[in-house]
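These notes concern the structure reproduced below.
The chains carry the letters A, B, C, D and E, assigned in the order they are written, with residues numbered from 1 in each.
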Amino acid sequence: MSMNWLVSIRDQRDRFIVPVVLILAWECLSRSGWLPASLLPAPSTVCVSWADWIFSTDQSTQANSGRWIFDALSSSLRVFAGYAIAAFSGIALGVAIGWWRWVERTIEPTLQMLRPVPPVSWIPLAIIWFGIANKPAIFLVFLGAFFPVLMNAIHGVKTVDRNLIRAASMMGASESQILRFVVLPAALPSIFAGLRIAIGSAWMLTVTAEMVAVKSGLGYVLWDSYYFMRFDLVIAAMTSIGLLGFLTDWAIKLVMSRVLHWQHGQTVQGRKH
Amino acid sequence: MAAIELKDIVKIYADRKRGTELLTIDHVDLSVDSNEFLCLLGPSGCGKSTLLNMIAGFETASSGTVSVAGKSITGPGADRGMVFQQATLMPWLNVWENIAFSLKLAGKSASEQREAAQPFIDMVKLGGFENHYPSELSGGMAQRVGIARALLLNPAVILMDEPFAALDAQTKIEMQEELVSIWQRHQGTVVFVTHSVDEALVLGSQVAVMTHRPGRIRELIKLDLPRPRDSTSPEFNEYKRHILALIREESALARADVAANA
Amino acid sequence: QAKPTIKLGFAKCAHCLPMSLTPGLTSEANIEANAFNSGNDVLTALVSKSIDVAQITYLHYITALDRGFDVVAISGQVNGGSEILTAKGIDLKPNDWDGLKKLIAEYKAKDKPFRVAASRGNAQDIHMRGELMLHGIDPNKDIQFINIPNPSDHSAALQRGEVEMLCSVEPFASQIRLSGVGKNFALPYNQAAGNLTNLIVTRSDVIKNDPKGVQATVGAVVKLVDMLKTDRKSWVEVINKYTAMDATVANEALKNAFPDYAMHRKQAQAIAVMMKDLKYISKDVAADVDTHMDYSFLSAVTGKPKTALGY
Amino acid sequence: MSMNWLVSIRDQRDRFIVPVVLILAWECLSRSGWLPASLLPAPSTVCVSWADWIFSTDQSTQANSGRWIFDALSSSLRVFAGYAIAAFSGIALGVAIGWWRWVERTIEPTLQMLRPVPPVSWIPLAIIWFGIANKPAIFLVFLGAFFPVLMNAIHGVKTVDRNLIRAASMMGASESQILRFVVLPAALPSIFAGLRIAIGSAWMLTVTAEMVAVKSGLGYVLWDSYYFMRFDLVIAAMTSIGLLGFLTDWAIKLVMSRVLHWQHGQTVQGRKH
Amino acid sequence: MAAIELKDIVKIYADRKRGTELLTIDHVDLSVDSNEFLCLLGPSGCGKSTLLNMIAGFETASSGTVSVAGKSITGPGADRGMVFQQATLMPWLNVWENIAFSLKLAGKSASEQREAAQPFIDMVKLGGFENHYPSELSGGMAQRVGIARALLLNPAVILMDEPFAALDAQTKIEMQEELVSIWQRHQGTVVFVTHSVDEALVLGSQVAVMTHRPGRIRELIKLDLPRPRDSTSPEFNEYKRHILALIREESALARADVAANA
């Protein structure tokens, strides 16, 4: 027992060695003056700027000072809106395509044609169609999140065990009951896998989407800081986005493990004691 | 009137790979009386599952008619309960929810479902496991749930497709004993597919031995053995010897067939 | 009667940012000012009717005319902002064009490309090309042109020695100079296009439906321009607020800014010709420039005839 | 037989209905003048411009006329370079992380920290580190393609059937032989799945990467055309990128089905006849 | 000297879920003579595979020693060939490449491998399937490849972990007959794990019946039956009755154990 504990301490230490060494090396490199400090700010500088961005400590980030939470919220709202639309439409369409051959025949070719077009390249059309502010950004996020959800929903429905459907129809289930009580729950693990890929895409696309006409958001601060060469803020924004991406993924994982609680099989013996 | 009546059944599958047609069932006639326990014994690929699926209504015959209790079959229905080889429980429902799934479909409330499931849970000896999920059950337990689910439908006919094939020998023996005792108490007609001679002889009141593909009924044997069956008794082994001989003959024919085609 | 609402878009550059002050400069209309990342986002938003009035460059304006978009120029704003800079290692005195020609010849002799960067299609691009030609250097043959679309990348390119010379826009030019990454070479304003940079445009349907709003906006712009001519401090403050950029850089940048509400028709036509020559546009739009400049609002605000306003 | 043939004809027809209807609707909408024609060019206009871009038919695309193949090649080269680096390093690192616990402990935390940072947001740093022209673009493509390959390689190695390794060691295989003859081939299906996701990411990132300082490429034409409001070319560029993305994915699928030919199980009977 | 010698073997697994330890094998002593065919018979989870893996060198005992041909075991080696329950063939190699995999590891050329594999392909009757991939083989064929692969190692000891459990009854009977005939021709010591009484009695020259977990050897039975074995003969059924009685006793004990723990 205590041995295990020691091992796990060493394990933990090993995990931190490389990141810590990297950050120290970066700090030294920045301070060495090999590149202008403004082009490669040291981690400590980044932290100071980030702190000001969040807590408005020393006003060094000017207009951004103290507005981090606001930026994070703006980005999160965009991600949430686009992601929610993508999730609902992706699941609905995916289930329909996976279940009815005629839907597959009529709708799928169009979607498959659109799929390989990178979401970023829709930016010009997004501005024309949706104008300015949040709408084009949400559209881009939607584009990024839609296809992973769709493809996984289709796959989930198509791989439902045929015998489960047979068992349900033996018990007198109608088609809509089969869809609701069998196909949908059976496809859920695959749908959740799609939702997890999609949240990554969604965050990735916000960064791109916030290139265009929005007034706040982590991506906005990133491009704005880049435009005006505040690389400390650029790195702080990158880290913030990475962090939020990680957290939302973790949240979805949590929801998933709750909804799919029936998947964590334990043996009978494991339960009885 | 026979409980199940198969008349001149032919089943032809399209073989996509070779673009030809595959004769799977070749003019099968079979009639099972009420309260019989028929074991369908045959080599792999001879069409046992296909026959069972036609009785269940999952497949339709290419020609011939299937009727249960005098009515011709057009699709699956709750008058025929099926127990599958893999238990095919809904993994997201726990034991009692799985057993009472048909009541949920009928719009019954959760408490009604729970209540109706209890006698069947007791019948298959799963008391204490009501709230377990399928992933937490051993193979034998999952099969018991599948049997309880089929029994709750209160069907005239129970169809079983190699339900014990995946279990280890000891569990299999236990389950066989239990199934027989349930059948004796519950009554009803059972069609049980298997490829194990011992299993057919331990369970059946009749054994239908099928030929290799295309499947025909080679011989229908009425078993005159006392229950509980003793697989080491001379009478039992008399039947076994006879059936093994049939199977050896069939295997030889099958091998000759393959050699001729190769 | 309710006050008209005008949606105004502007890009994020040192010259453009004061546009964010316009809402406070008129009581006749509600102006909603939106900052965009790039000029063509602003133009796209204008022609797709997401905004009503846009601050763009003369080049965007010509491009829009070439594409047949319904744009009408209604006022000037701020000109200037271009600066030609050389990399640290290049030994050239400011405005030493003969020295530059000699240097380019040396590079040619050594079979080394003399690399000059700008953001293709920006005012700085046109200014620089015109200026080079004026001094007898063919920007298509004598030098190797390198397109760096985002001016914030100019500094890195110069710093890494990937270009010998570039024409940047303020405040990047000042920052490059102040950080020591590059040196001033010239202000490229002697060519036919002069120092023209920014222009305020709208659409004819906006003029038709909401002349009061347009009038009020032009009024605000003229007030802004007058203010910028004298009050550099509030300008620096705006830059500071929006860009988190050093005040010294902002101050320096504004030395190369020329607030001017006039719309310079002749020079605009010169730009059109240059763009046609460069194949940036496909047709001759000199005539369209005439018909798509509406001096009436500017005249009404300033009380001057259009001849005094650049016509 | 002939019945099947008829059905498949009808199937094919159904597949084309929706795309054709959509394109016709778009053509009508463009011609109706509801939006300025240059803002929403009709499909026919797009085709004409595209033709000029490819074959230099009427010079309508100015400097781009006849340079499509060149642009497509430039983009493809960037994709290829970034993708190749990502594939090699991703597979090598993934196998190492999946196989050796100590590599996992030391390297994986760093990679997992970097993973949720969207590749696009590396643009500013990419330019500082790699300057202009091809290098930063290749770096971005690499970033986009690296993680899918890596994650799938790790997963592939970790899920190798333990009994295969046992069988090999029973037959006297050394560790390096097990890696080469068992682990690598067994992980290939998963690695290929990663390679297919990665090629999509790679194309997506080229579009973004060609925003910055390059002189050619489909993404470059896209942004440049947007700059000059040539929406017909913007759409032609989007379609071209989608097409190339589709084709490269198809090529990888082809390679995959060759390399993994042992996966397409046929039954013994299917073979003998 | 015994071919295989297990001395006072104890195996304890850490049970991660509950953070406790699990006694799996409890002081097993066993010695198998050369050229014996030992069947290890026991209920699921009693530690049969664990014992076999320790002989193969895949697992180490918590205490006690395992030696093969007098040498103590430290890891897997080509002197002990293993046939797994699932055939565990390399799916990307075809039949002859799988069989000759050990030669590939030894650096032999493809033609040498091909040549060396042929007699073993013939021995397991796979002529004509040399170039098939595992995904194209039926379960029985795949197991034959696994056996051929183990035989090519020419090991002193062959270890088999329920190799026929996944096959259907008819194929199983064929494979059992073939295995016995190969063993008779090829000789060598075999340890064969199974939970089927019939299988143990058809194959073994000895049967070791194990108790439920923690596994111990309940009884080692020498079989005095002529080959080929006839599963319907009275002598066979005499042994069967004896072993079934042992198993029933064990099952009852196991159930009592569970009830006490619950």
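The rule we apply is simple: a residue touches a chain if its C-beta (ideal position, glycine included) is under 8 Å from a C-beta of that chain, and two chains touch if they have at least 3 such contacts.
Please read these numbers as outputs of a predicted model, since none were measured by experiment.
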> Quick one: which chains contact subunit C and subunit D both?
Replying inline: A
>> If I average the CA coordinates per chain, which chain comes out farthest from subunit B?
In response: C
> Among the chains, which is located farthest from subunit E on the basis of C-alpha centroids?
Replying inline: C
> subunit B to subunit E: how many Å between their CA centres?
Replying inline: 31
>> Centroid from C-alpha atoms only, then distance subunit A to subunit E, rounded to Å. What do you get?
In response: 49
> Measuring from the mean C-alpha position of subunit C to the mean C-alpha position of subunit E, what distance in angstrom results?
Replying inline: 84
> Which positions in subunit D touch two or more other chains at once?
Replying inline: 35, 39, 124, 128, 226, 266, 270
> Residue numbers in subunit B touching 2 or more other chains?
Replying inline: 262
> At which residue positions does subunit C touch at least two other chains?
Replying inline: 44, 48, 150, 152, 156
>> Can you tell me which positions in subunit E touch subunit B when the two form their complex?
In response: 43-44, 128, 165, 168-171, 174, 195-198, 231-234, 237-238, 240-241, 244, 247, 251, 262
> Mind pulling up the subunit B residues that touch subunit A in the complex?
Replying inline: 56, 58, 75-78, 80-82, 84, 86, 88, 90-94, 101-102, 104-106, 129, 132-138, 141, 149, 153
>> Taking the touch rule as given, give the residues of subunit A at its contact with subunit C in the complex, in rising order.
In response: 36, 38-39, 61-64, 124, 127-129, 131-133, 211-213, 215, 223-230, 233
> Quick one: in the complex, what on subunit C touches subunit D?
Replying inline: 40, 43-44, 47-48, 63-64, 67-70, 120-121, 146-150, 152-153, 156-157, 160, 162, 279-282
>> Applying the document's contact rule, which stretches of subunit D touch subunit A when the two form their complex?
In response: 11, 14-19, 22, 35, 39-40, 102, 105-110, 113-125, 128, 200, 203-204, 207-208, 219, 222, 226, 231, 234-235, 237-239, 241-243, 245-246, 249
